[in-house]
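The structure appears right after this line, and notes come after that.
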């Protein structure tokens, strides 16, 4: 798993996409820009926590190392040392892959 | 019923579309992309539960195995082992078919 | 009244449109697609009920069999056994016809 | 005043437009579709009442028979026995004409 | 000041625009449609009052006769006896001209 | 500092833009319409105050005379005696220049 | 670190972009306008603090000097002494780089 020195703020979670192998259709390799953004990702770091109205921090429903499904359009991509990561709010995590 | 190792997060529910037979109009088979997205689905897995303001989990109104009607545009499609599933919020489930 | 095995979820209500006779203007029958979506409907089934913040279910202001006026663009159409129904939230019911 | 058997739901009010005489400009009668939607209306029926968080019904600020000004784009038009009515939320009533 | 028999509903206020003299640029009178909508107005009537959650009416910050600045795009224009008025929510009143 | 007889309503603040000198690029003076709207402004007058739910007025974080940075697209421009002012909500004031 | 005399208002934070070296692709220098807006930034100044409903100020999760990741489209750019800064709400800070 990637080692990244980023601490997400609030209810955010840092995830790393699990790249599918380059898709091939009819022998022609589809270049990167034409591929659909991947949906599987690994949780790399949890945020500082979402606070409720009384200032109490709500625990995360995922943990570091979880393989998760994230919304195609959720989050913000960040690039660190040529690796792509995404900072998503926990609500953009759709499910955990067992 | 499909066996899928996904645990939806929060108030989400994993459903699997019940594909209608390929529609035929005037003898010409309409290819997949031209068909309307199906609305009937089977509940495959329930989420970790929606928490109210006091942290109490609200019970789901559907259960695994229910045949449900879902909003045409609700949810996010996921593809696992070449099967299409949809992760919907419970509020996108319109009704249960008895 | 139609008999349908659907239980709406939450504050939703299942209604069936009351089709107006095919309108005729100047002797030319206007085909289905050009007609305005009907607004009168009959209540077929009530939902499981909308819960307030304390978990108490709010009673519906309509009952099965009521002839109601629904918003032209509200709700989601569903087709069961070739009959068109609409699942609307109670708030999309504008009034009851006495 | 029109007699209509409709009971509006919630904070809705049924009003009937007060049609202005067909406007004439330069001797040419402007057909219906080109006229601006009327703004004056008469209150025909009050809704079942808007409930606050404690279930208490808020009284309406208008009463049946009031001549009111309604927002040009508010509400939903309904046609009953060839008469046009509009179901508006009370908040779309701008003022009462004394 | 204009005398108008309209009682605004809720937090609305009836104002009358203070027309600027027809602007003249280079000797050519600019017709009405090309002029910018006026921003200065006089308060003609206050609403029935905005109620807070406990049903208590909040006092208005303007009074009848005040010369005010209103948002260019706020409110709804009404025409009474060939005079233009605007019904604005109090929040669309930007300031009072002393 | 400009002397203007306007009392802003609620949480609004009246500010006056601090015009930058006409920018010159390559010796060509760029006319007014092509310049970016200025962001620096001086606070001219504070509003009547924003009330919280209990009717208590929240104090402003800026004071008359402060040089502030305002959002490019926030507020409403008003013209008084050929001078341009802007009425902004306090939340559109980004910072105070010391 | 830059020295700027700006005090952000409320939950805003003043950050300064950390410019990446001019990117070169195939030997051709890409001019400024074609470059993607940077995402790394340094915290220069904290706001006066976000107040909760009881008037209590919520502490910031970042501190002056922190190297942070900010949303590509968040905040408002300001230019002071030919240096570009951005005033962002704390919620637009995605994470802290350790």
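By letter and in written order, the chains are A, B, C, D, E, F and G; residue numbering begins at 1 in each of them.
By definition in this document, contacts are C-beta pairs under 8 Å (C-beta built on N, C-alpha and C of every residue); 3 or more make two chains touch, one makes a residue touch a chain.
In this text, all values refer to a predicted model and were calculated from it rather than measured experimentally.
Enquirer: Just to be sure I understand the contacts, which chains border both subunit G and subunit E?
Expert: Under the touch definition, subunit E and subunit G have F as mutual neighbours.
Enquirer: How far is the middle of subunit A from the middle of subunit F, if each middle is the mean of its Cα atoms, in Å?
Expert: About 41 Å separates the centre of subunit A from that of subunit F.
Enquirer: Based only on mean CA positions, could you tell me how far subunit A sits from subunit G in angstrom?
Expert: Going by mean C-alpha positions, subunit A sits 23 Å from subunit G.
Enquirer: So, what's the distance in Å between the C-alpha centres of subunit F and subunit B?
Expert: The answer is 51 Å.
Enquirer: Among the residues of subunit F, pick out those that touch two or more other chains and give their numbers.
Expert: Counting only residues that touch two or more other chains, subunit F contributes 53.
Enquirer: Starting at subunit D, then subunit E, how do the chains run round the ring?
Expert: If we begin at subunit D and move next to subunit E, the sequence is D, E, F, G, A, B, C.
Enquirer: In their complex, what parts of subunit A are in touch with subunit G?
Expert: Against subunit G, subunit A makes touches at 5-10, 12, 14, 45, 47-48, 53, 76, 78, 87.
Enquirer: Quick check: in the complex, which residue numbers of subunit E touch subunit F?
Expert: Listed in rising order, the residues are 39, 52-53, 58, 61-62, 69, 71-72, 90-91, 93-98.
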